[in-house]
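To keep things simple, chains are lettered A, B, C and D as they appear, and every chain counts its residues starting from 1.
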Amino acid sequence: MPRGESRLIDDARLASRGEPRTGLAVAVWATLKRDLTQLARRRGDVLNPLVFFALVITLFPIGISPDPELLATIAPGLLWVAALLSALLSLDSLFRSDFDDGSLEQLLLAPHPLPMLGLAKVAVHWLLTGLPLALMAPVLGIMLSLPAGSYLMLAVSLALGSASLSLIGAIGAALTVGLSRGGVLLSLLVLPLYIPVLIFGAGAVQASILGDGAAAHLAILGALLALALMLAPWAIAAALRISING
Amino acid sequence: MWSFIHKLGSPKWFYGISARLMPWFWVAAAVLIAVGSVWGLAFAPADYQQGNSFRIIYVHVPAAFLAQSIFVSMAVAGVVFMVWKIKVADMAAAMMAPLGAAMTFIALFSGAVWGVPTWGTWWMWDARLTSMLILLFLYLGVIALRGAFTSRDSASRAASVLAMVGVINIPIIKYSVDWWYTLHQPASFTITSRPAMPTEMWLPLLIMVLGFYSFFIALTLMRTRSEILRRESSKRWVRELAVEER
Amino acid sequence: MAFASFAEFIAMGGHATYVWAAWGVTSVLLAGCVLHARAERRQLMRSLARRERREQRLAARRGEATMESHQSGGES
Amino acid sequence: MTLRLQARKLACERDDRWLFEDLDLDIGGGEVVRVEGPNGSGKTTLLKILSGQLADYHGELLWNGEPMRDVRQVFLEGLLYLGHAPGVKVTLTPLENLRWYQALGGGAGGEQACLAALDEFGLAGFEDVPAGQLSAGQQRRVALSRLALSPRPLWVLDEPFTAIDRDGVAALEARLIAHARQGGCVLVTTHHELAASDVLTCIALGQGARDA
């Protein structure tokens, strides 16, 4: 066995025996950083959902009536539905660009558990869509004359809820990434799964307006998030394998 | 006349001529805005009904005027670019859009703040403010569309078409919103339909408007020059310029 | 002068927050636009100069490469 | 034991047409295996199966004697697959693309290794230019520079010569042979005529599977 050959095989064996634990952390962190730099360079993708959110909120007073009392009653549900639709808007592009240029295929071939890498991508989506929506919602709450005292609860429930929205939505995005016009199908798949999160999210804001405990609603939102965190990554990994390898 | 348009169209010639014009506009803008501000804030009489919050008019009205005229000039530049293929016009249109959006935001914010003492809330679905909000969305649409294309040429054409479509819709939006507003709030006080103002009130306003317009022209000239360098960077005259002006 | 003293001018007859909020946002945005435009131009000039230097370096390196192949007599 | 990829009675059916049937392969270190065949003869599918991407095939795959399913993690650590699409993000620069691939492969070597790899594939001076502004050939070179980056024994390359200029093709061919001489193995599909050499073997698809 010529000396050169053993060196090459040793490197490979070294790579595999060497600390898989930190190897995974390095890979997840690198994927996170890569997507953040990428989205930082294409600010349009980050801003579009936010402008869509503001636009949808503007349509309702014009469509229904600018009367503050009426708006105040529908404001919590309205803000939550609009935030949910805006999060849905940017889901389609979650895996699409990676699918088109072949880096999704390479992601599947990485020697690391795919659910963890999928989680990194979903985390980026939440950081750049869910969180900004949650921070922007109170401002739009003012336009809908949302009663005082519920602004913080609105932001907290949206931040917590949008995390599970991203996780659940990513499953749909992974399933439809292979299809050329997957956008509409994605929303049909994912919206029914969003209903529990919507119920307890809007419920939390409603409860904080009426003054009684919104903590119960937040607890359930947290439970939904924990459930999604446990199950969604594996579903995303399976869906990606199905989409890529046909 | 014809050769003049094409001469104006050549970036190199425009770059030269604008260098001479720009300082004048900067000086005019600075003087007019300074004089207008001091006069409007300190010397003009307070409004008998609204007291001193009326002084916001010296910022709100110029910004509102500019917001609309920047969109119109963007559309005109779009027509010039599409019909006579003058690239400088498109460069100017590209550089105007963000300033237009900023002016619309200023008009929106100052209008809302102005209404707080009278309405008691930070936002009121008033006819003028709603049209201004929709104008802001039009601006964001044009900016987002221009940023979404990879090839600069199609981006310019698409943004010009959208600007033209938008400018036609501005009056339509304005009248429909006014009609919607009177439908829901027939007899209520709108801040900006005012009886004729005494001279010592509207004179500083005129100066501020002129100041804002010269600011707009100066800034657009400056940013268009940068855009010329960016787009013509492969041309020899730009490379020589780059080496000279270390 | 519509105000008796400077303090009264700042107070704006009780509407200080609204007037200064509106004027503050306006001046911040106008100044922001100007500073952005200047920074954009400076950064552009720097990147043009850097690109120019890189092009000259590459041209020089290509010049040497063609020189070497002639000297080594490689009539490819 | 050196690296060994075996396939027994491999068969794959695509929309009820048999691409290949009972194909037996035994590929070890020190070999460059070229998969030939007309378009649509299943070359890419075979490569995807052998690189463990596709699951719906008949027959058995062994890596170093053990079934692929049991040693998938170790197999992937030794594999470098380059598909039709280069896998280069257009908004990122070649350096950032490589840094990501390096991290996926365990992060050994740091930035210097990436810069060296890019330089080796003729991308000096373009390290910080967004890949979108590079030509198709240069983007392919960014993907290929991964060959110089990570010490992976098994290379599976699908049409690696597309869009590469004449000098690039020669350099790449030399690199494949050098990798085989160092004990690695290259599985490649290409329409480019590889120069005959002691390490080169061929598998023809499309006219009934021939034993390797």
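Definition applied: a residue touches a chain if its C-beta (ideal position, glycine included) is under 8 Å from a C-beta of that chain, and two chains touch if they have at least 3 such contacts.
Chain identities (UniProt): A = Heme exporter protein B; B = Heme exporter protein C; C = Heme exporter protein D; D = Heme ABC transporter ATP-binding protein CcmA.
The shown structure was predicted, so the numbers you read here are calculated from the model rather than taken from an experiment.
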item	value
A-B compared against B-C, more contacting pairs	B-C
Chain with minimal offset from the mean of all protein Cα atoms	A
CA centroid of subunit C to CA centroid of subunit D, Å	45
Length of the line joining the C-alpha centres of subunit A and subunit B, rounded to whole Å	36
Rounded Å distance between subunit B and subunit C, as computed from the means of their C-alpha atoms	21
Subunit B and subunit D: spacing of chain centres that average the CA atoms, whole Å	55
Set of subunit C residues in contact with two or more other chains	none
Subunit A contact footprint on subunit B (complex, rising order)	121-125, 130, 133-134, 137, 140, 144, 147-148, 177, 180-181, 184-185
Complex contacts: residues of subunit D adjacent to subunit A	2-3, 29-30, 48, 51, 53-55, 73-74, 76-79, 81, 83-92, 96, 99-108, 130, 150-153, 181-184
Interfacial residue positions of subunit C with respect to subunit B in the complex	1-3, 9, 12-15, 18-19, 21-23, 25-26, 29-30, 32-34, 37-38, 40-41, 44-45, 48-49, 51-52
Of all residues in subunit A, those that touch subunit B in their complex	43-44, 47-48, 51, 54-55, 58, 61-62, 65-68, 142-143, 145
Complex contact set, residues of subunit B against subunit C	37, 41-46, 51-53, 55-56, 59-60, 63, 98-99, 102, 105-106, 109-110, 113-114, 116-117, 215, 219, 222-223, 225-226, 229-230, 233, 238-239, 241-243, 245-246
